[in-house]
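Two complexes follow with chain A in common, the first pairing it with chain B and the second with chain C.
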Partner chain A sequence: MRILSLFGGKSRRNVRRPGGSSGGHALPDEPFATDLRSNLDKLGKLFPDTLDLTVRRLQIRATGEDAALVYIDGLTDKIDIHTGIIRPLLMETGASGELPIEIGRMVRIYGWNDLTVAVLKGSSVLLVEGSDEAIVMRTGGWPQRDPTDPKMETSLRGAQMGFVETIEQNVAMIRRYLPDRELKFKNFNVGRRGNTQVSIAYLEDVANPDILRELEDRIGRLDIDLIINTGELAELIEDNPYSPFPQLIITERPDAAVSQIAQGRFAVLVDRSPTVLIGPASFVSFFQNIDDYSTRWSIATFIRMLRFLAFFISISLPAFYIAVTSFNFELVPIKLLITIGTYRGTVPFAPFIEAAFMELTLEMIREAGVRLPSPIGQTVGIVGGIVIGQAIVQAGLISNIMVVVVAFTAISSFILPNLDMVAAVRIIRFSLMAAASLFGIFGLLLGLMILVGHMISLETLGTPFSTPFAPMRFSDWRDTVVRSPLWKLTRRPLGAHPVQTRRQGDNRRKGDG
Partner chain B sequence: MKRIARKLGVALLSLGPLTGCYDRVDLEDASLSLVAGVDITEDHRTMSYTSIPVFSKAEKKSQELKVVANTQRQGRGKLDAFTVGSFNGRKIKVIALSKRFVQETPDWFRYMDIYFRDGRNPITPRVILFDGKLDQLFFYHSPSQPMLPLMLMGMIKSASDRSESVATTLQELHRQMNEEGQTPFLTQMSIKQDAMIDGTSLLDHQGRYVDMLSMPETVLLRVLQKKTGESVGFTLRLPPGLTGSSGEADWVSISTERVKVKIGSAYAGGRFKFSVHVRFSASVVEKLSSLDLDDHQREAELACAEELRDKFEALIGKLQQKKVDPVGFGIYARAYHYQRFKQVKDNWGEAFGQADVQIRVSVAFADEGSVK
Partner chain C sequence: MKKYAFNEITTMQFIFIISGIAISYGFIEIPQVLYKGAGNSGWIVLILGSLTTMAANLVIVQAMKRMPDGTILDLLAKYAGRWVGKAAAILLSAYFLYFAYTGIVYSTRVIKARILQETPAYMTLIMLLIPAYVVARGGIRIIGRYAELSMGLSLWIPLVFAVVWKHTHWLYLLPVLPDGWRPVWNAVPSTFFYFLGFGSTAFLYPFLKNKEKAALGVCCAQLITLSAYLFITLLSFAFFSPGELTKINQLSIYMLKAVELPFVEQVEGLFIVLYLFIFSMSWIPPFQLSAFCLSWFADRADHRMTLRIILAGTAVFSYFYVPGFNTSYEMGDWLEKMGILVEYAAPVLLLGYLLLYDAVRGRRRPS
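So, the complex of A and B:
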């Protein structure tokens, strides 16, 4: 323990300033030598057997000094290096004393740690004979893809462009929507090895500074090797990881992210990940979709209500079926009871076994469909639909009614717009089924009460999760179960505690105006 | 994590003492009695009947059983011996009482005690009185009718929706049995060509069977009770002097749009006086004569009102003669003349028999139909 604290004790609390150096290898930062040859020897020792490390020695024509350009082949843009650095250095005579380099972003560094980070992140470093400083030039050009339409969050009217794996491009996409000086990005480097750039995007005059501090604190405190995806960051910083509910929204849509930023929330961008984290997220925000605002308000309201109904059906319908068929059949109207009874009569399993079996099958079919490549994925549907759906009923193993119930729950869960909420629904459904199989309707209601109690006590970035229902904020109800006409939404929702609440003026005059 | 585990542990432990799965009965393992029946044997022993739906591929969709038992609960125990699943009465929809049982068992209502005392039993089943032996009803299988419970429920519902019958629930019967100012009434059924509703049985305060009302009379009763559901229809005969036609074409049918009943009460000369004013707003739906309603609307309305008044008077006369008050005039008497009512409250039927009931009926045509 003592030895550890000598070397890495400091790095347990890995708070870094933007552009800070890597702490992963815990090397004391060593300055460059003035002698180019010994610098290159040292470089060779730092990067042994690195095939893609390129060291180009050249003589700068303007000054006549020897120099070496260091970069990693695959991570850099060759055209930039050839035409922007090597050619001018070799050709230009340079009158001003400045090095003739045609690259926009240049930084001087003085130590080996900075050099390592810069080179490994795709910059080129120029070491010059007789100088104890090096010049870092941003020449990043790693493999990347063009923005495509979002795969999971498709939209009918929204932009057909999703986030990509490069944070600079993602920042650009957000800026395109919000060309506002108040749009701020706060940068962090997370991960001792991964050194991932993480940015918090927010509107400084709208977003609440306390929540920002909380978010900064949580991200800053992370001490981790590597973050590969946004989901990992979400799990590390969310308030209650034991809750079934997601407490932060993960989106791949720039327009969705921007609309949340405009409401005073925070978006966390993670380099190398095509999704963005949004917080604080309330329960209702998982039922909102960017399309809601671009369709007419009446139909958007109808769809919102449908989603809440679907949420309720999809968590409680199988549990209700179990409760009603094994405990409380006096609740069922007589004709329906006789119909259910006729089908149940031939089934050899108790309702809970029957329901659990079918729901598990459904989950398996769904999971199989997600991972399989699409040509094979279709067979899953056929096997699931025909073999399981039809054959199982004909064989008398499962009742027709149960298949109807499962199909209903599945369809209901499909119309929820957020994947994480769908996952939560699946877990809650099984717990409620277990409760109903033990205590009937009483168990179902007990389960729902525990769920509501949990939702009320749940927090997201220190703010209530169930806002605007608990605590009641009636002014926010305009954009919850109903989506009021846009001109009525004159104030930002109070759930995110914005410091500036006025969103728009009166955009619809009364009378003939 | 430890904290969570501890919390979970406490939660699970606290679930332990709750009533758990031991009262779990899967639907298909239960023998749900949907119709219960009570009859008496020749030697005056009570018999329990039941009808249970069969949830299997069997040809017959329901199973009907009867046992001799002293009480309903004892009957349940005996019936359990016959059934595949565990017998229970949680979903009873109809209770059928035989006419003989009601006539010959003094204080028969105490046999219904189990429905009120045991909270698992429903108090909403419809109570019917069957004119005949219950064997007839329970072992009757009409090929053109659904299974017994569905058939009974359907018949009661459709007839009472048209106000041609009453739909007395067990809870309502309980109220009527204990109500001083009203006498109980039940749906009466029998099997003639097929199962059919006869009308309404009238019981006295002690629950003894007194008489019955036909279905047209029941309509009038429901009007007086202010319990007409949808509109009710009457087919009336206009006087030949008005229509100017032969007797066969005097008929007119009206369907009520709105019915208003006003009951006033008074006490004079040692007896109660009730003045009933029934106002119908009705549309003419059928007319056989060539009477021009535009010219003679007033006369036709008056003729209808007179005809209806005669019917109401006949009904009241019948009730008074039998000393039963299913309308609930006693409730008005108690409300407005409590001191007087107190003196007769132990036998309101008798007092009602001597009361003076004046009926006024007015009819207004709201609509004369689409053709002239």
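So, the complex of A and C:
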């Protein structure tokens, strides 16, 4: 039974099994003519005003036949085409009867649809006089960048290499970590126009086949024009899009992705997107970071606890402030209350207005900092820090304590390693503030209860989101709030329902040597 | 036919649901009830009450063994006819609704009295229905997770009470049994109220993953309930003088006035609020069970519609009338009478009927 299927279903309302997957401008797949001239006429009709389409007529020296090489200029690697295809075809006197082409990957095709797709995706197609088949050669070479260190998920000890926009390279990066026969990639083409390649990477003997089926099903059912980015795919396939919580991890680190794959999870790679989707993700997995495993376990544990504390503080501290300043004075020790009163006395606004104003300002400063180019970005810091922080207090608009609360909240939310979780925290924080302004500390706890209730009902790819806390799985606790020493993590976490649970043997050194 | 597959609960969730429902009612009130019943030997009453409850609970498990894939309603429908099942569904639905309503009214009243004096009671009550809906709509499995989590999140409670340890006088507990066993025996039925909720076993059983552990599970659940009650009872007996014990209401909360923490002024206010997680166990599972019974009656697999009707009905009703503290205690008395009937007496009768049925059936058609 899928919980929340009532809501879950709606998000995928536009699903339809794509019958003709090439959609709107689909042609019935016509075979090639044997005559080169009529083939080229047809090609001209298919690509009428395509400036970057190159058609190179040539005579193959080995066989003496006329031929035409079709490719799109910008999408192909010119050196490959010139030295690997055109030169050998013109120069070589092939003896074996085979065409002398020096390209590794060649496929024969028999229809126009395949040709269209191949050409548009950067392959070159060779049409030969007198033949009703064409040869597709993988010559893709579009503008791409080298793997650089990840921008958003920086790491102290991890690899300084992030995913790039080409799926082949991303696949290669994952394979570099896991040269294992069991590492499988399942490929899909998503998007009627975009025709984006999407691959699910997983370890076949570890990952759970039911979850794989669920994931395949959800991706396979997508009927959409175009997917630009991984985030779009995440929103289309996650279980409950109405939840504030992210239910799939988006990472730009190959090492993080591989570490999750090794635990029995699935990584979804999307071509043209430098991030990878990982599922099923549980609540705690948003608090884990690849660095946790390369620092000493005691310090990693401390940092984990810090993160959970920070999560709690950043969702509830402003709400708690509102609750104690407008409802439940009795909870605060009298000395602290007097201090708060001294500063609050001159403030003309209710605590909720005060807090909402400051939190909104903080959100604006943060958002401004993200989008602004870095030379201007520094101004934001100055404006935020001095003008809003100091001047607003001196003007008597906001109390000093509120500024402290906001700063504390901000710092706490910066500790969280996952951006999507930080976004969730912001939304939850405002809802809790509203609840606390209506019902004080009771409202805050009511909000937390609803949050807990929502969290335990939430599923990710059909597995519980709140594992290993509810359902309780004590064996998984070793890698949650604490990060146990690596030799204790002998089993893969059960949250991803791996079919093979044993992860490692006894690696602890024994004896006194 | 496995009607309730994919909706299984673990043994631990089973344990925590049963003891959670019970503890939420009793933890605050039970010391005083015991003291009024049997003086400072009240804790012995508790042990006897717990043993009785454990026996009653095992009877339910024994009866349910005949129907590993169905609830008590399916069992009744099979052994006593479809309409008996339907009638039982209505009765049990009403019982659990009343159970939940009593619980939520009591919680509302405690919150209103201690932390939200200004807010109208109906508003508090309606607010409390929101988390109830969020949790209960997920079905038994989510209730199980909620029970686990709320018990886990409440593990700090004994620690807070440990702070009052230095104010205790254990001599108050002596002499043991000053008036002999008679008052102790007489007081045992008065504890039954605080163990109610184990009737949910009859509904949880088919959802339980390891059914062979059901008997062990209910014993554990009763032991947890007992130890929570024993803890708070002994502590209040040792903390308050005999004179105070009868005069002060809600001893468990009052005791926290002695706690002084550097960062919180009134610990008991915070306690009440955080205790909501346990409080909620007295209404969330019963609301769900009530909805479950009702949807069983209507032959609907999805209990969410009935749950919505029940909660909306409660909300509308509460808008016009929320019982006061004294009425809520009276409601408790009624619930006690009904509960003894439904959860202690009825299972024994049911098991007797089932044994008789089997005997008659077995003679007629030996197999």
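The rule is simple: the second predicted complex is superposed on the first by the 485 of 513 C-alpha atoms of A that agree within 3 Å, B and C clash if a C-alpha of one lies under 4 Å from a C-alpha of the other, contacts with A are read in each partner's own complex, and residues count from 1 in each chain.
We take it that a contact is a pair of C-beta atoms (placed from the backbone, for glycine too) under 8 Å apart; a residue touches a chain by one contact, two chains touch by 3 or more.
Values in this document were obtained by computation on a predicted structure and should not be read as measured data.
Visitor: Please work out whether A:T325 is in contact with chain B alone, chain C alone, both, or neither, and reply first, second, both or neither.
Guide: In the superposition, A:T325 touches chain B alone.
Visitor: Once chain A of both complexes is superposed, is A:G453 in touch with chain B (first), chain C (second), both, or neither?
Guide: Only chain C; A:G453 stays clear of chain B.
Visitor: Given the touch rule stated above, what does A:Y242 touch, chain B (first), chain C (second), both, or neither?
Guide: The answer is first: A:Y242 touches chain B but not chain C.
Visitor: Tell me which of chain B and chain C touches more residues of chain A.
Guide: Looking at chain A, the partner in contact with more of its residues is C.
Visitor: Of the partners chain B and chain C, which touch A:M472 in the superposed model: first, second, both, neither?
Guide: Second partner only, chain C.
Visitor: Examine A:I334 and indicate which partner it touches, taking first as chain B and second as chain C; both and neither are also allowed.
Guide: both
Visitor: Figure out whether A:R344 sits in contact with chain B (first) or chain C (second), or with both, or with neither.
Guide: first
Visitor: Considering only the touch criterion stated at the top, classify A:F439 as touching first (chain B), second (chain C), both, or neither.
Guide: Touch status of A:F439: both partners.
Visitor: Could you tell me if A:T34 is touching chain B, chain C, both of them or neither one (first, second, both, neither)?
Guide: neither
Visitor: Starting from the residues of chain A touching chain B, keep only those that also touch chain C in the other complex, and list them.
Guide: 327, 330, 334, 337, 439-440
Visitor: Over in the complex, which chain B residues touch chain A? Could you list them?
Guide: Result: residues 4, 15, 18-21, 23-28, 30, 32, 34, 53-57, 90-91, 93, 122, 147, 149-150, 153 of chain B touch chain A.
Visitor: Under the touch definition given earlier, write down the residues of chain C that touch chain A in their complex.
Guide: Interface residues on chain C, with respect to chain A: 6-7, 10, 12-13, 111, 115-116, 119, 124, 127-128, 130-131, 134-135, 137-139, 142, 144-146, 148-150, 152-153, 262-266, 269-270, 273-274, 276-277, 280, 304.
Visitor: Using the touch rule from the top, collect the residues of chain A that touch chain C in their complex.
Guide: 1, 3-4, 6, 327-328, 330-334, 337, 439-446, 449-450, 452-454, 456-457, 464, 466, 469-472
Visitor: Once bound in the complex, which stretches of chain A touch chain B?
Guide: 242, 324-327, 329-330, 334-335, 337-338, 340-342, 344-347, 350-351, 437-440
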